[in-house]
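Have a look at this one before I ask anything.
Going in written order, the chains are labelled A, B, C and D, and every chain counts its residues from 1.
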Amino acid sequence: MARLNVGLIGLGRLGRVYARDLSSRIAQTRLTAVADADAALAGEIAAQFDVPHAYGRAEQLIGDPGVDAIVIVSPTHTHRDIVEAALSAYKPTFCEKPPAISLSEAADMVAAEERTGTFFQMGFMRRFDPGYAAARRHIEEGRIGRPVVFKATSRDPFPPHLEYANPKSSGGIFIDMGIHDFDLARWFFGEIESVQAIGATLVFPELASVGDRDNVIAMLTFADGRLGVVDLTRNGVYGYDIITELLGTEGTIRVGYIRETPILIMTKNQVAHDTVPYFMERFERAYTLQLENFADNVLHDRPPPVTIHDGVEALRVAIAATRACETGEQIEVRTIVAERT
Amino acid sequence: MARLNVGLIGLGRLGRVYARDLSSRIAQTRLTAVADADAALAGEIAAQFDVPHAYGRAEQLIGDPGVDAIVIVSPTHTHRDIVEAALSAYKPTFCEKPPAISLSEAADMVAAEERTGTFFQMGFMRRFDPGYAAARRHIEEGRIGRPVVFKATSRDPFPPHLEYANPKSSGGIFIDMGIHDFDLARWFFGEIESVQAIGATLVFPELASVGDRDNVIAMLTFADGRLGVVDLTRNGVYGYDIITELLGTEGTIRVGYIRETPILIMTKNQVAHDTVPYFMERFERAYTLQLENFADNVLHDRPPPVTIHDGVEALRVAIAATRACETGEQIEVRTIVAERT
Amino acid sequence: MARLNVGLIGLGRLGRVYARDLSSRIAQTRLTAVADADAALAGEIAAQFDVPHAYGRAEQLIGDPGVDAIVIVSPTHTHRDIVEAALSAYKPTFCEKPPAISLSEAADMVAAEERTGTFFQMGFMRRFDPGYAAARRHIEEGRIGRPVVFKATSRDPFPPHLEYANPKSSGGIFIDMGIHDFDLARWFFGEIESVQAIGATLVFPELASVGDRDNVIAMLTFADGRLGVVDLTRNGVYGYDIITELLGTEGTIRVGYIRETPILIMTKNQVAHDTVPYFMERFERAYTLQLENFADNVLHDRPPPVTIHDGVEALRVAIAATRACETGEQIEVRTIVAERT
Amino acid sequence: MARLNVGLIGLGRLGRVYARDLSSRIAQTRLTAVADADAALAGEIAAQFDVPHAYGRAEQLIGDPGVDAIVIVSPTHTHRDIVEAALSAYKPTFCEKPPAISLSEAADMVAAEERTGTFFQMGFMRRFDPGYAAARRHIEEGRIGRPVVFKATSRDPFPPHLEYANPKSSGGIFIDMGIHDFDLARWFFGEIESVQAIGATLVFPELASVGDRDNVIAMLTFADGRLGVVDLTRNGVYGYDIITELLGTEGTIRVGYIRETPILIMTKNQVAHDTVPYFMERFERAYTLQLENFADNVLHDRPPPVTIHDGVEALRVAIAATRACETGEQIEVRTIVAERT
């Protein structure tokens, strides 16, 4: 079988998982190069996974003629420049969410994709989770009639590091965490017309110092009049809990689970089980399936199922929610546009 | 044991359950009289439960010297006049939620209670449900640290009858269904400062004809800055599903269950159980415990744990949510006041 | 509605529940007399539930002309004499399980029923539990095809008092606990041909001192070749857990639940719920439904759904299991017969 | 990192999973050769997983100097000869359960291991499942006190192919399915002293034609007096359901789960989820962890955690259960010995 020669940019926590998947879990790929601003780290990862080339700069990897496709998991603020360079080199590119934390940067990525015509796939791995995929299938088969209300809850078991939480780099909780839920909302229900939101820093006061919140709620009105609600928290404490409900005219689908190990412990007046510790335990398979899908699409010349447009629109909703939260007003999503200087 | 001689006013579906409880389930009460605008019905119920007296008018029952305490389950629009009459007769009174559908009527009830000094207990039965009671206890014991987000979902399995749904009599979905959740919100978190809400008629267009909605969502900001969200639906379809989550700094409590019969049916690639059909199956015990509590309070001269003030404030939030839903604006709850002509 | 005038004999823990049910929960009955060897207790219970007559001897109650039907919850070793007296007085009689702890005593009860032709209903309340009743219905509707394996687990949260556990009075764990499961086995699958069993005293050595065991397992071969297994324990510890599985050719039904309060507590890496404390919390409704059924059968001249024959045959299996456990041999159930001197 | 050069013998369904794991999932191994009696299949698999060498005969692979360790997943009746050859070549060897279907063949394997002193690891993957591993850990930590009763249920969703089910090749249901449960019993509770068993062909009459049963139950008495029960079925129908319970003096642990996809579908009066289809979905991770463990043990010169002795003893119990089922008698496990001609 022909394998796709992939170069991987960004070797943080998620990047190392991608390195493992691209090098040994995914039959359709060969990991031929890795790059990270920390060149020593790049060398270590390359050694660990038998990767032929390691680079300290993204451009070096993009220019490597042995690299046929690019996977980007670098920090969000670097996405724009790397994506532009990769697309300009006409190399099919996959980029982790969010596309950027500003619409103007995201717009540059759209422009690069349109200008070069190069294949670009946005990373929203939940769409590849067997639970969410099954939910789509059941809905298409009519199992719950017409879905009319979208509900999503995302709970992180602990707050992010302060440098990461800083809205200047993460964009804040609606962009950092909520973008997954806003993407699901669009995937299941289509475009969102307006948003209202509330939020506060109730548990981790240090987050307030960098301008972020630890608990937020957003209500969505979809373009066709249907309704949605998303609530996010940094104090899941008990575990990593992601729940999505689709309330239909003839039934409801609930996606999510919180039990990790197949064991129940029953002691005096109590039955207990453990919980999913964090996102990789919950979505490991979704991440792998997503990269397999990327490789298949490139190898078989199929269009990307998740586009830069999806990234931009989910970001637009997240920014609208942030603004709604700040102003207490209902924000029309279409009024959120890139601010060019 | 001394029993409280109770008169019951209103013999609809819930009234008949109360008749059974007061006559045979509750050791502290004796049902000595029933009244309903349908005098023939009152006679039938009296015969069924061995009740000595049956009346066609509430005032007759209130005036019956054998009646020491009054329980009111008549239609909401009749509450004000009956409560005023009962309190003016200095008979301890229990009245089902909501107190009224207008704040001015509710204010009259407050005035009657203050003027007469008669014992008055408001009916919010969820507070007596073992699940909610256990949640309070666990929170007081510090099991989840400080609760910071209140989440409530109420799902009815089918829409109300049109004549009942008419906001002129029911007050609309926020008052009719939501008042329970708003009361829980206040019970667990204290006063609510502002509300935002969205809603639509997405499944039962006939509800729109009487001005009601079938799906609504409200976001709450509490006076102390904590957050809440309530979503209500008339298309629960699968069953009667009431879920409340209290998200704390050290854990989360979830109240609710949807399985009715202790049986699992496992057939080809499926494990299934049934659901709670409707509110009486879910809250039967809470209703009984609530009436027991009323009787105990009257017999032992204890103050009511749920007051007319609780009824008024939950109603005020429900009206604020209704207005927020109509205007798209954030409504300060304290701006909702009785409109006197 | 005509009510059945019932006399209740035996006012232990279960007897008091029956007193409550017969006096105030069951519309079809009036509790007109109670009797207990402890006459003072009988007086107290009578006062508590407004029962006109209280007796210190069963015969007094049986002879009371105001008593039309008899409910017996006295200790097992008294059943035979009381049942004989009640049937000889031609008063319809209900008797709690087990009928006796010896087959010869049970045979006397059969003889009394045949001789007098008086209505007699055996108490096996699980048959009236909504879970078991639903299981029967689903099987009759063909939901799981033909059931081929019967599995039952009964777990008590703690051991019985020593005086009670003494096999001379309780008959031992197979008779005391297992008789419910053997009755279910017969109800669902028909007669049992042979039994093998093992058992030991592994947790409560004091039980060994009176000749009882705390953990036992029995395998059943039904007359038609189908299979069964029953395991019993006194160290359920975590709660009262009763599980029955019916494994069919097209599916499996599982009856049982262990969660008591509708609440989940989610704390660091743990999700927990409470458990059913003991039998009354699990089967309260079944007990009430069983007495309602008894009253309905007597009032409407219907045959008893559970007969003395059912009591005798379940007892025979329990004795066979006890013997199998002692000998290590496979015991043919039909070889267990009353030993007459 | 040094990788272990592994040769894989047997490329049936499970063999192909092992080929994938050894070639791309396990960082410690390199799959250097595959062998199958079907040489063409060996060639295909080699091509699919980039394996350098493919053989039609096991001996060829064993003799390949590039192969440092052997993994055997060939049909059970071939185990003895292949294991003897591999051990005689002094190559560390892993062999899937059961070791053989006769004790005399298994004894030959023991002899070969003792004679050559070569590393040999028996395959019982459940011991590597996170659920079972957690159960061991919790027990060692004293969470449930002293375990006193071992309960295991294994349900296959459909019967085996007739040629496979034939006890001449599979050994019958107690050896084919039950050996996993008997191994768990020994792992958790130690040696088993005696067995009683019943069984029948109740659903798939064709199994009777080859002398097998589709439903069996076995009761175990451990050497120290503790108790156990194992029930097996071929008509799980609803899914692949493996449940193990360890009942202790202070609590109970239950290992097992039956829900596959994280989704609930709630429709009129029903809540449903899907089921685990078959063993690979349930134990995929356990299989991978088991091979990782084998590679680590060989690379780091650690003793095997599962030995040929474990294989022999679990087989002995399975044979004892089969004989108990045939005779209706309690069988002492130690009386089951290899029958040499």
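Note that in this section a residue touches a chain if its C-beta (ideal position, glycine included) is under 8 Å from a C-beta of that chain, and two chains touch if they have at least 3 such contacts.
Model, not experiment: these values are computed from the prediction.
Asks: If you take the mean of the Cα atoms for each chain, which one ends up farthest from chain B?
Replies: D
Asks: Decide which interface, A-C or A-D, involves more C-beta pairs in contact, and give its chain pair.
Replies: A-D
Asks: In whole angstrom, how far does the Cα centroid of chain A sit from the Cα centroid of chain D?
Replies: 39
Asks: Taking the mean of the CA coordinates per chain, how far is chain A from chain B in Å?
Replies: 42
Asks: Distance-wise, how many Å sit between the C-alpha centres of chain A and chain C, to the nearest whole number?
Replies: Centres of chain A and chain C (C-alpha means) sit 58 Å apart.
Asks: Give the residues of chain B touching no fewer than two other chains, as numbers and ranges.
Replies: 237-238, 250-252, 259, 266-268, 274
Asks: What part of chain A is in contact with chain C in the complex they form?
Replies: It is residues 237-239, 258-259, 266-275, 277 of chain A that touch chain C.
Asks: Write out the stretch or stretches of chain B touching chain A in their complex.
Replies: It is residues 148-149, 151, 155, 194, 196-200, 202-203, 215-217, 219, 221, 225-227, 229, 231, 233, 235-238, 247-252, 328-330 of chain B that touch chain A.
Asks: Flag every residue of chain A that touches chain D in the complex, lowest number first.
Replies: Spelled out, the residues of chain A in touch with chain D are 1, 24-25, 27, 48, 129-131, 134-135, 138, 143-144, 250-257, 259, 261-268, 274.
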